[in-house]
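Multiple structures are listed underneath, in structure tokens.
Same chain, two partners: chain A is paired with chain B first, then with chain C.
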Partner chain A sequence: MRTPVFILLQIAVATALYFILRAADNDYLFFLGYTVLEFIVLATAWNILGGYCGYVNFGSAGFFAIGAYTSVFFYTVGQSLEDLFPENLVGPLQSVFPLPVPVLVVIGGIVAGLVGLGTGYLTLRLRGVFFAIATLALSVVLQTFVLNWSFVGGSRGAYIIPPDKVPIFGPYIQYLFVLMLALVILSLTCARLIERSRLGYGFATIRDDELAAEACGVPTLRLKLIATTLSGALMGMAGAPLPFYIGYVEPGSAFDLSYAVNSIAMPMIGGTTSWAGPMIGAVLLGTLQQIATVTISSAVNLLIVGLLLIGFVIVAPSGIIGLWQGWMRRRKEA
Partner chain B sequence: MSAPLLQVRQLGKRFGGFVALDGVDIDVAPGERIGLIGPNGSGKSTLVNCICGTLRNETGSVTFSGEKMDGLIAHERTRRGLARSFQLPRPFMSMTVADNIRVPLLYTVAFRVGHHVSKAEADDRCMELLKLVALDAKAARNPRDLTQVEMRKLELARAMAAEPKLLIADESMAGLSHSEVEDIVALLIRLNESGITIIMIEHIMRAVMSFSQRLVVLVSGKKIADGKPDDVIKEREVIGAYLGQ
Partner chain C sequence: MELNLLLNAVIAGLLLGGFYAAVTAGISISFGMLDIVNIGHPAFILLGSYIAYVVNVNLGVDPIVVSIIVLPAFYFLGAFIYQIYYVSFEKRGQESLRGLAFFFGVLFVTEVCLLLIFGVDYRSVNATYIGPSLSFAHMEFPLRLLVPCFVSLIMFAALQIFLARTFIGRAVMAVSQDPTALRLMAVDPTRIKRIAFGISIATASMAGAFLIIIQPVIPSVGRDYIGRIFAICVLGGLGSLPGTLIAALLLGVIESITSVFYGPSWAPAVSFGILLLTLAVKPSGLLGR
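Right, the complex of A and B next:
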């Protein structure tokens, strides 16, 4: 399937989903849907580095929080224009601030992408468990930084007051839902394009054997930097609307371990070698967690993730996509 | 001898206190077939790794096609026409046999010709190379399905896909049967006849003698002999290194 057709198909599915949920006339479904979509973006972003290149990133929560705190930063700037800028600048700036959420998403993506690039440079020579520990450490360092940065709320957190309603969409959550749908389309298209391109081949060689990749002319270090930047940028974009979704952000929630665990578990369960794997994993796990939250307790979320992950690692290490491909191969051979 | 394609001068490499290479000089002329031999631990693989940029040499220099290679990393040397195969085959296991060949086409040939290699072009070239090593029937298979000799052939075909001027075949015949060894030697000679200079590192003397036009012997990181194979193997130092003094 050609990329424009793939994008159109995604837009069609997204539009159908939006109108189905709207017809249900229940805003909770949008809240639930937003979380699942957010996980699709996070899992897809993680998979670009972890699945395609084989570099396990335990610091997803850090990149996600960079996006969230970039939004908080610009929101706070917008609230304190008089205190921060000379009088003659306040007028023109008031016409720009508050920045629209899509703009914050782009800025969050750029900031997180740059941090991803920096992480790539700092960890160029690290592999396996050492790389994973370095990314975890990055997340801890970022959290400590934010905890001590009072401008964005520090340890007490920051309140964001989104408008109740927006034109066309109505309730604000519907607007955020559509925004996250757009991010899903962007991230899935990006992942699929990578998979079918020269870049995808390069990433796969890094995952399989870096020494052999270099011997084939693959610039492994440059490709790793591309992967860390892209992955970080998409995670940051996923995190940017968070403050407007929950209304209150504090380091504990933005850097929550569950983001890191989920963004690893979802591609592992869905399958890491295809763009569809993280999406399937995120839809399955995200929905299960939301159902568990409303029927049992939010505390069982990570238990579900853990149990499913153990199950899949034992029974289907290549994830659902791997199971499907194996079944198709056997059918073809029979 | 015409202007050398590869010129190695005073190459030195240490691993801690162990001297792996100690001032090695080698000149390779275009189109030559060279056998590089030496006992285990003599520095053959280290020499290959230093020439190809996998390891950094501490002293000396490598000049290829008139260009200094020092400071260039492995993929940059491959793109300039310096390809290698590995002692233990290292195929990309998540890809098909054909896709293994496609990688150097996409990353080395495309870089050299300065434009994108189309899918059709890449497909044709992949099949051409796979036919050359008699693996065309297994193009869509995973490298896991290949036998040991097929794996070695894939390794050579992948190195060839980079369209090298110089191919370094690092122990491409280790563990193969008599007929399989002959198969690989014939393949290497065919590649050489198509204009590629080849350095073959090997322990199997039968293969080395039938392949090489010139023989270089390394012992304890030093070059102890360099010349016609029939002359070199009669040298006292070479016999001593292989059979003991």
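Right, the complex of A and C next:
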């Protein structure tokens, strides 16, 4: 399938999904759908670094929160223009602020991408486990920083009042939902493009044997920098609309470990070798969690994620995609 | 006055460092000597805390005594987990990425289970030494810190003697470096690793008791310790228990000074900052192999 066809197909599916949900006429479905879509973006972003290059990132929550807090920062700036800028600047700035959410998504992506670039340089010295621990450390350092930064709410958290309605889309959540759909299309297209390009093969050589790749003239550092930047940027973009989605952000919820666990568990369960794996994992696990949250409790849904993660890495290391491929192969032989 | 404050911060830091040494001992063995990245170690420490809590509240037994009684149970739990790890990952040669995800899952599942059973309330234990402190020439020695530190140093010394003097201990130190040589000595590397991992989890039982003596505990507190223990382990140098002890004391002092002079909310960043710095500047640590 050619890439333009793939994109068109995604847009068709996305449009169909939107109108089906709209026909159901229940805003709760949009809230639920938003969470699942958010996890597709996170899982796909994690997989670009973790699945393709083999560098485990435990700090997904950190990148996600960078996106969220970038939004909070610019929202707060927009709220207090008079206090922050000289009088002659307030007028022109008022026409720009408050920044629309898509712009915030782009900014969040850039900031998180820059931090991702920084972690990319860490891979120079840190291979394997050490990189994983360093990303976890990075996430905690960022959380402490935000916790002590009162401008974005500190430990008290920040309130964000999203507008009630948006033209064309109607309720605000539908607008956010469509935005997230666009991000899903973007991230899946990125992942699929990488998989089929020289970049993807380069990533695979890093995953299999970085030293050998380096010796064969693969520009490993440049490739790793691309992977960390892209992965970080996508995670930041996924996090940027969060404040508008929940209306109240505090460090504990933005840096929640469940984001990190989910973004690892979903690709692992779906399968890490192709773009479809994280998506399948995110849709299955995301939906399952939402159902468990509503019918049982939110603590139990995290338990399910953890148990599934452990179960899959032990029993089916290649995930659902691997199981499917194995099944197809056996059927062909029979 | 300022000097007095500094002095007391240093003392509290050293006592805290003794406790950190106990917390890190397990990781120093599993990560430093066996190359098993047990990122779920803090979860076992918390398990130890809650066991000490339950027994202490219901039967009034001293938490440290409880932790010593349940040592064998923790040892077998560790041996069991290693067996799963060995069969599912090490044997297949997939330990790096999937093994890491496995332990991350274990951490998360244990935390959620504790959360479901005990809720999000802070839990603490009762013991005679919680509360009073010894004073000596303007210096304060809170018994709540002094007792865990003292027991922890004893445990640490016992571990070091075991590793350096006994045959099994030496085999543990050798196992990740040259399993083939061990086989030639008629030792089964898997068995040695199982024993060592069992011991590493067993230390978590005692560390857990120390933790709940020092501070009230909630299930999510384990996460703060992930960074701390890996920071100490890496700073001390992988596989070196004396290095671990020095690094633990150092980190305790730095953290204590930070929280006295800049506020406790900055303390978690210290350990992670040190970790990042060590990894970036001198990955082999202070006394690395």
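The working rule: the second predicted complex is superposed on the first by the 331 of 334 C-alpha atoms of A that agree within 3 Å, B and C clash if a C-alpha of one lies under 4 Å from a C-alpha of the other, contacts with A are read in each partner's own complex, and residues count from 1 in each chain.
Going forward, a residue touches a chain if its C-beta (ideal position, glycine included) is under 8 Å from a C-beta of that chain, and two chains touch if they have at least 3 such contacts.
The structure presented is a predicted model; accordingly, all values stated were derived computationally and were not measured.
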| item | value |
| --- | --- |
| Contact breadth on chain A, by residue count: chain C or chain B | C |
| Which superposed partner A:T273 touches (first chain B, second chain C, both, neither) | first |
| Which superposed partner A:S298 touches (first chain B, second chain C, both, neither) | neither |
| Chain B versus chain C as contact partner of A:D209, first or second or both or neither | first |
| Contacts of A:T3 with chain B and chain C, given as first, second, both or neither | neither |
| First, second, both or neither for A:T15, with chain B first and chain C second | neither |
| Which superposed partner A:S80 touches (first chain B, second chain C, both, neither) | neither |
| Residues of chain B defined as touching chain A within the complex | 52-54, 73-75, 78-79, 83-84, 86, 90-95, 99, 102-104, 106-108, 110-111, 116, 158-159, 161-162 |
| In the complex, chain A residues that touch chain B | 198, 201-202, 204-205, 207-209, 211-221, 273 |
| Contact set on chain C toward chain A in their complex | 37, 39, 84, 88-89, 92, 94, 96-98, 100-102, 104-106, 108-109, 112-113, 115-116, 220, 223-224, 226-227, 230-231, 234, 263, 265-266, 268-269, 272-273, 275-276, 279-280, 283 |
| Contact footprint of chain C on chain A as seen in their complex | 50, 54, 56, 58, 122, 125-126, 128-130, 132-134, 136-138, 140-141, 143-145, 147-148, 155, 257, 261, 264-265, 268, 299-300, 302-303, 305-307, 309-310, 313-314, 317 |
